[in-house]
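In what follows, structures are represented as structure tokens.
Look at the two complexes coming up: chain A is in both, with chain B in one and chain C in the other.
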Partner chain A sequence: MIDESRVANEQPTVGEWASAGTQVLPPEQRHGVLERMVTARWPVALVVAGCLVGAWQLMGALGRLPVYVLSPAEVVSAVWSYLTDGTLSEAAVVSLRRLAVGFAIGAGLGVTLGLLAGVVPLFHAVIDPLVSFTFPLPKIALFPPIALWLGFSDRAIWLVIALACFYPSFINAVAGTRGIDRHHLWVAGNLTAGHWRTFWQVVFPAALPRLLVGVRISLALSFVMVFATEAISSRPGLGSVIVESYQFLRYDRMYAAIAVLAVLGLIADRLLVWIARSGTRGHDIAAVGRG
Partner chain B sequence: MLVGSLAPSSSKEWVPALGRLALGALSVTAAFVAWELASRASGSPLMPSIGSIVGRLADDVDSGLIWFHARITLGRGLTGFALATVAGITLGVLMARNRWIDAAIEPLLAATYPIPKLALYPVFLFTFGIGPASKIAIVALECLYPIAYNTYQGVRSIDRQLVHVAENAGAGRLRKFRDVFLPGALPSILAGIRTAMPIMLVLIVVTELLGESRGLGFLIRFAGSNFEPDGALAVVLFLGIIGFIFDRLIVVATRLLVFWERGVRL
Partner chain C sequence: MTQPASLPAQSDDHSTTAGSGSAEETDRPLVRIRGLDKVFRRGSNLNHALSAVELEVSEGEFLTILGPSGCGKSTLLHIIGGFETATSGTVEVRGRPISKPGRDRGMVFQQPTLFPWRTIVGNIAWPLEVVGVPRRAARARARELLELVNLSGFDDSYPAELSGGMRQRACIARTLAHEPAVLLMDEPFGALDAQTREVMQEELNRIWQDAGITVIFVTHDIHEAVFLGDRIAVMSARPGRIVDIVDIDLTRPRAIEVKKSPELLAYHNRFWDLLRDQVHGSDTGSRP
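Showing the complex of A and B:
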């Protein structure tokens, strides 16, 4: 008798796909420290990163770095001193609050309207042309005209961040809902699930991985936008600390602020991925996508 | 309704194609009318009408002002973009084909992906000077990520048997790159290029908004500080048109280059 599950599984598995380019040896042939390192991957990356930082530090210790490049140790000590004296911690709180408001409005609206457009064709027909029409505009370019109406205020910054965050969330929420496997819907229909039940128990979970890709892109964009808007408007925050320090050649403070912004971006992203993994039972959320 | 809407079979579309088109046209028109009404109601120059924005754009195109600045902006942006494309494809293929390069670089790329690279712009200004080089470099850095990633995933998803067939037929490294990896990863590479294009526009405009005396970003800031929202919005509109044209060009190029995947919706 033909094992039907095998026939259905003619497609290579995820593991086989992944190894298509890199040719992984069977376990019994893998040996040696180097072999294990390259298989685990992160130790190699760690060594490379360590060498780079080490070389950078060595150059600094030898005094070979240009005056505008601080050594890693100097950056770390600058971060520590400016965080403890409150300069950076206050700026970081202000920036994060702005970012959180803009991101929550933009991504929240994008996800909600995207899900709605995904399941209600009438709404999709109405909103999709508007979104496609405005999508190619670089949202940051709207900041100066918006500032004419709202001033270089927090509200103007929220609006620009929200605008930028809206599009990736919306586009991916629509794609996630509309790309759902219709067999799932037939099953739900056969089991006489109502609209709400179908939406919450079938459509939403199926759309979630793709939807979260959009949210992740929005989150990364919100960090770019908060820097850009603060740098342009000189509203106090991490972005303006970086630009002011650049203008007054305060290298230590500049690098410290850049480092804090980078680490905050990294933490926010890791946090989102962690939440997303538990929300989607271990789905990997791609960082790349349209939006 | 819900089921029918999510899985539209061509015969049973819930909203017929023509109706969709009409609705779309209606909603865009409604948005224009709403803007126009708001502009009339406020009566202030801070809320310019659509007509005055388009008129201003026509004037600026006519006088050559827009072209002068657009040439500078797009020259820088596309140079950075071209650098990112070459470097991204090379890096992506290398990572996908060599385990050591993969292990050394991919985790670092993944870790730095969510970091706003734009914040490094002051460092770039020190390194490359305040001229075009620093702007080109920051655009190239930010666009590199999506292109490298998409290439990497594209090459990795190539059917292993195709690679074996090429090797059995005696293809060398270059031949494999040209005839197997590049075409195999092409849909994915073009998707990465399509993702990176709007990023390029945002980055180049931000660098010009931050401090520059030429370019479209400067033009927006200049009009803004002269309290000419129609002038600023005219440039924004122009950027939107440019972005739309670039996006369409990439889609058309994808259809032409990836002829074997025609019919797959992008």
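Showing the complex of A and C:
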């Protein structure tokens, strides 16, 4: 009744699978150059950005910009001169160190406690109301009282940045952990995987994409907070350079410091996204396809 | 009935009842369900899902459980799997009462439950890694299983890159990896399109025969139940009871032609009569 040879030799090719209504993409898809640029997205973004900067530069060259707006070329040359004379490079190092410490403490604690709250219901019941009630408070508002305690010191700045970074990391770690597919836990249970293994090899990787969203928001917040705390405390750093330059009408230095802060933020964000991608490859394919 | 296992290392790790008389061993059913009741309680509402279910499944058998939607057949499978607990009654696997999930039972769910963050081969190797099999050996074994379910060449793909049918094949392979005494399948092809489902039914027949395993397969599809099963346990509408157990007298191995045979049609009509009463019963009966 059955064709034995067929059963024994059945080795489906990719083509057969594809014809059976599967969604497997052929390994190579041929596009025209233009189509490929549109699909890849970044060349389009580059062209658009180039046009905007070009128009900005043109306005500057024609003298159509207000005195308080510098042309891109002027900003770039200001960045170069203030970086080489040490003003901005020193400020940047100091600011980066502050935000790195604050971010590491805040996001680290947020992720750790968030994961814990996600898997220990009792701990969630204790900490969640606390977090929910304090979440809407702008953390920068706590800088003055903290300064009463620690002075306008680096430690006070670390604390405020850490506070701000804690919330997005915590909230998303909780949501990621609690939102995982019940069936994945059943699979682990079926295999009698231990608690540690289930946590590290099932719960954590399942929660990782959402968790990283929180960490990314924390990272962006750490840049906001380092500027705000330095601007308020006048401790040397990119934030205070921006505010002082504004007060002394040194617009070139102000824009240069803003540009450096922006580029550092961009690099930090890209770096995090790049690390995150390599850790969530299977998830990304599920979300947007193999990129 | 089943052919010798072509799987290497079909171990007897799970037969912890070593030493006793072998005659009794072989006589005893692999799974024995006695007086199983399940009542769900939500507030003051009681929902009677299963009532006095009696069932025995022997070693190497392919049993299908056929019943109308919502009759509690998935609940029954979840209880056998240890994911839910019975209100009263017992489930024994190889003579040992079970109360929680274990590696002697392998569950395949309706939705593919592969870990999206692991490659296919990584998913299938996981059950072995859990018990300490070295990574290389686990992966080598996973590749053999991929061959068994006709997924060779997709080792390093991620689940999201596979079609629904292929993911379900991978799920079956993963479940086979820990060599369960019984495979519990909860409408595993329910979410697939009609053509893929047909292919998968044929494939499952072949895998079952090659691997020499016991299967309890839940479905509401009469064709599927008859085509796959050695025996069919027909369940009533809620509260689910076993109303009939029928031996399917179709030759094995079964190919797709069996689906067009007059014998299958006769079985289909017989089960449809049984089920129709149940569906009507549940439609007109009092439900919360």
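Everything that follows uses one rule, which is that the second predicted complex is superposed on the first by the 237 of 291 C-alpha atoms of A that agree within 3 Å, B and C clash if a C-alpha of one lies under 4 Å from a C-alpha of the other, contacts with A are read in each partner's own complex, and residues count from 1 in each chain.
Here, contacts are C-beta pairs under 8 Å (C-beta built on N, C-alpha and C of every residue); 3 or more make two chains touch, one makes a residue touch a chain.
Not measured: the values here are computed from a predicted model.
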item: Partner chain in contact with A:105 - chain B first, chain C second, else both or neither; value: neither
item: First, second, both or neither for A:150, with chain B first and chain C second; value: neither
item: Chain B versus chain C, judged by how many residues of chain A each one touches; value: B
item: Touched partner set for A:129, first chain B, second chain C, both or neither; value: first
item: First (chain B), second (chain C), both or neither touched by A:195; value: first
item: A:59 touches, of chain B and chain C: first, second, both or neither?; value: neither
item: Chain B versus chain C as contact partner of A:283, first or second or both or neither; value: second
item: Partner chain(s) touched by A:186 [first = chain B, second = chain C, both, neither]; value: both
item: Common interface positions of chain A, toward chain B and toward chain C; value: 12, 17, 20-23, 186, 189, 289-290
item: Chain C partner contacts - residues on chain A that touch it in the complex; value: 1-3, 7, 10-12, 14, 17, 20-25, 181, 183-184, 186-187, 189-193, 197, 201-202, 205-206, 208, 280-283, 285-286, 289-290
item: Complex interface listing, chain B residues touching chain A; value: 1-3, 5-8, 14-15, 19-20, 23-28, 31, 46-47, 96-97, 99-100, 102-108, 110-111, 113-116, 118-120, 122-123, 125-127, 145-146, 149-150, 155-160, 163, 191-192, 194-195, 198, 201-202, 205-206, 209-210, 216-217, 220-221, 223-225, 227, 229, 232-233, 235-237, 239-244, 246-247
item: Chain A - residues contacting chain B, complex; value: 12, 16-18, 20-23, 37-38, 40-45, 47-49, 66, 68-69, 118-122, 125-130, 133-145, 147-149, 177-178, 180, 182, 185-186, 188-189, 195, 198-199, 203, 216, 219-220, 223-224, 227-228, 231-232, 238-239, 242-243, 245-246, 254-255, 257-258, 261-262, 265-266, 268-269, 287-291
item: List of chain C residues in touch with chain A within their complex; value: 81-83, 100-103, 105-107, 109, 111, 113, 115-119, 126-127, 130, 150, 152-153, 157-163, 165-166, 174, 178, 193, 195-196, 199, 206, 251, 253-255, 257-258
